[in-house]
Amino acid sequence: MTAPDPGSLLHPVAGCADLVPRHVVKARLLGQDLAVWRADDDFVNVWADRCIHRGVRLTVAANDGAELVCPYHGWRYSNRSGNCAYMPAHPSDAPPRRLRVPTFRSEERYGLIWSGGSPEAEPPRLPHLEGEDTLVLRALPVNAPPDLALQGLLEWPCQPVPAPGDGASISCDSAGPFAVAVTARTGGTEEAVVHFVQPVDGGRCVIRPVMRGAPAADRRLSILRHHARQLEELRTRLESSAGSPVAVRGPSTPLQPLRRPTATAVSGRAPQLEVCVARKWLTAEGIAAFELAPVSGQLPSFQPGAHVDVHLPNGLVRQYSLTNGPGLTSVYRLGVKLEPDSRGGSRCMHVSVHEGDRLQLSEPHNNFPLRRDAARTVLIAGGIGVTPLLAMAQTLQRQELAYELHYFAQSDDHLAFGEVLEPLSTGLVKHLGLSPDQTADEIKKITHDYGTASHLYVCGPGPMIEATRAIAADSGWPEDAVHFEYFKNESELHDASSFEVRLARTGQTLVVGPGVSLLDSLRDAGVDMPSSCEQGVCGTCMATVLEGELDHQDVFFNDSERAAGDRILTCVSRAGGHKIVLDL
Amino acid sequence: MIRLYDYLLSVNCYKQRLLLSILDVPYERVDIDFYPGWEHKGAEFRKINPLGHIPVIDDDGYVLWDAHAILVYLACKYDPSGSWYPTSDPQRLGEVASWMLFAEGTTNTASAARLHVNLGYDFDLEACQAGAHRLFRVLDEHLWFREQQGQAWVASGESPTIADIALFGDVALSEDGGISRLDYPALRRWTERVQRLPGFIDMPGIFPVAKAPA
Amino acid sequence: MTITNGRRSGAATGPADPVAIDQWYAITALDEIPIGRTVRTELLGVPMSYCRDHDGSPLAWLTQDSLPAGAPVDARTLHAPLPTLADYGYLWTTVGEPDGGLFDIPETAEPDRRILNAGTFGIFTSGPRAVENFLDMGHLPFVHPGVLGQQPFTEIVDYQVEYRSSEIYAVNCLIFQPKAAAASTSGQMVNYTFRVPHPLCALLYKSTPEDDVRLDVIGLFVHPIDDGRVRAHLFNCLLDTVNTDGQLRRFQQGVLAQDKPILENQVPRQLPLDPDAEAPTRADKTSNAYRRWLSDLGMTYGVVARSNS
């Protein structure tokens, strides 16, 4: 009988009790160094022990409960996905989704964490340990090859418990390729310990014993001590007989990390994710909250300020901001306000979408990124505009960066996500029931003293964003310090013009006729343009302009970006003259 | 005011800075050009400590040398709670004394390996590393059993003692001397507990840890 | 003849990398060398020894059994002496045949400069990893917080990398520093220029509170013991009338001691030259240029060479 390839099995890499909060356990399995850590949501991560940026071991990183922070350049990696969430040298960049630490299987059984390279294998089930409580005894690292330890354990009839009386019959039996079970029978009682052997590398292993049954509190410590002494004796024997390191049985190839689908190219407006409505509730007057869980696998990571396109059952596509703070990686959480003049988007979400329903989403896009290098960060939310700012506030709070979240709403009943607002209390200022003039006065007070390295983020109804931008500009805020995201484009769109477009790269020339968008014309000509909102809000369908006057109709660009005239949102904007040249 | 004859990168000096910071005792630092100046070996400094060692403290004219002796003195004099050096509890005091002697061992192995690697001291590196591993195995097992009894520190009881301070630096900087702590998970958890003590200060070479959850 | 012997010996026990062999390396600070007594070390894995002769001139040779550490030295009895230079306060030697002398540091000729070895530290890393860390700005707020950088001011704004007569220069490197030098009293935006004149030597030019025009020069000269262990010399050439040698050393050594555990936790110890092996960003332009430069030089010692070369 040939022994199975160790790389095809799962092995223990740590005891569950080793994974204390905000700690990273250092482990090694079959020559692969591992960083093992538990997030605050109890998810156990088993990662390659290496920052992908400059190779620093992640076992020296800080576990902040949601992310591991590399001590070298402060790169942050998210719980579950292992995606890079932030690169501090580039505060305004969203890290590409391909930047990801290799992650491995993580299973819990018998009080141990199991990992390995196989996507299908399961931790062993042993009759000795099934159906009862177990006690994890002290694990012992041994400077001897795993095979030698297994053989030593088979020849080492150590009493599982101290002084069970004379005449105990002890048997040691192989319990799978990397485990030895010891059973002691005295009279009518039977004690059992299984020693799992973690193959560290060619010359080393860790013996991880698990005992059946939970002993009474007064016996527990003496059992632990008794067993540790016995194992220590075995270790001395093994290490004195171990020669130089020998090759471990396989694996012939390095441990395989889990494969995850890489980000699909953003193309057209096709949905990329299938999710299930895990929870739906009314979080405030007229605002429904949704938690969307992946149907399979894990959700793509994103940065604060991001939104997803939701493909509604009625065929409409709507953008909703993700309110998640760092640490909430198992679901996307959205807030949707029922608009009285809804064209079918918010009404459909409120009325037709129920818990358990499936929805199609795009991957997250972020056109409202948060810098985390500001001396002062001011977040101004109007009503449902709070959603992206909630993600920002939670991120800043966790990183202990100062911020103010000014939340303008009609009344207490209109404040959404109270459970998220509660722990933000230090940075949160509520402004309730103010008229537009009173709101403007408040915003004047908030923004009156601009200082360098200050950044302002505003999201809410169009007129409020307009007012905030004007007030901030009057108070001396530079344009590039004021960041905004509109929910919708409330200006009337003019599409009566007709113009010519030349594509510099392909040499094609197209004509965009009245009533047809530039975006649609480009797609008709075979150009694969990504898009999301298709109303000049989100910035996804941007193209670079090489020549020609522009008729900007979006609410995405600020005034100097418009004046520069080098970019266009193809969904709503058009040529100002007869012809434009695009870098496509 | 206490004057501490100090070298930033000396683990034994760091033990004093750490305890003084935790006890919130003001002091004045006298930087010795330890390396490569070897000021502590010079005639001037030998007037203060004829052994030519640092740390040395001068507490308003009372001069004391030897890192672990200074910890005893500082704790007795400046810790009104009496918890860092528990003179009122004979059993715990005995444990503290025992682990302070153990810390002489970690100083002479783990920290000696560090001096060899960093500064080129003429020590047998392999012997120092092997010695440190022998001691770390003992300490790791000890701390694991402490955890099993619901206790966090080297000596029994609810609060840390100067035995934790005496051992912490040698352990936390062991990788400077090429001594990995892969095999000592309980030791790694304990160093993080020390790093989360109120008043903790680090020295160059110690990685910061995340705050404990609220 | 001796040099040829050195190369053969090097090829037998050290690297087969002529680029690494044919360089001068700083072995130790001149004023720290004992007179007439053998000190043993290794260079590129080749056992070698050094001392100062009784007239003060440095001696270096391939280690011979008759001269154990501490043994008295008679220069006439050395079997395989190595060439030496005494420059910038260090003893330099080689186990190969360098093309010429050492790179120039014109500032060292200015009479009011403080030239000082701030310290020599052993580190378990390769020479190229140590040099790359010296050239790296993004780590300053994280590894040297409160001194050479400060969170959250972590942005690395665009800077320029240039090649000038086969050396690398990175210019207009801006970083906010709370305490840029031992002589600083407050935080400031500091403008750095980095220069790489040698595969294992790098220099940094930065403004100083004591002079409006001239710049402080700080260098890292690496002595590769082998391809995973180095001794790093901290060269200072400063305009500083305020601090004692001890204070300058405390500052520089504190910085290096913060870098050391980072370097010792990088895997692999050798610097990967393949652009896909690690994930660079725009902030890493200097290190990208350094990796490419080493690759173009054909350096194979202390690096993981590109897979396609």
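In this document, chain identifiers A, B and C correspond to the written order of the chains, with residue numbering beginning at 1 in each.
Quick note on the criterion: contacts are C-beta pairs under 8 Å (C-beta built on N, C-alpha and C of every residue); 3 or more make two chains touch, one makes a residue touch a chain.
Predicted model only: the values in this text are computed from it and were never measured.
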item: Farthest-lying chain, centroid of Cα atoms versus that of chain C; value: A
item: Contact-richer chain pair (by C-beta pairs counted) among A-C and A-B; value: A-C
item: Innermost chain, where centres are averages of C-alpha coordinates; value: A
item: Distance from chain C to chain B - Cα centre to Cα centre, in angstrom; value: 32
item: Where chain A and chain B are represented by their mean Cα positions, the distance between them in whole Å; value: 39
item: Chain C: positions in contact with at least two other chains; value: 261, 265
item: Where chain A touches two or more other chains, by residue; value: 60, 71
item: Two or more partner chains touched - positions in chain B; value: 207
item: List of chain B residues in touch with chain C within their complex; value: 8-9, 31-33, 35-37, 39, 116-120, 122, 175-176, 178, 203-207
item: Chain B partner contacts - residues on chain A that touch it in the complex; value: 14, 18, 20-23, 25-28, 40, 60, 62-65, 69, 71, 138, 141, 220-221, 224-225, 228, 232
item: List of chain B residues in touch with chain A within their complex; value: 141, 144-145, 148-149, 181-183, 185, 188-189, 192, 207-213
item: Complex interface listing, chain C residues touching chain B; value: 29, 32, 69, 117, 119-124, 231, 244-247, 249-250, 253-255, 257-258, 260-261, 264-265
item: Touch list for chain C against partner chain A, complex; value: 137-139, 141-143, 151-156, 261-262, 265-268, 272, 278-283
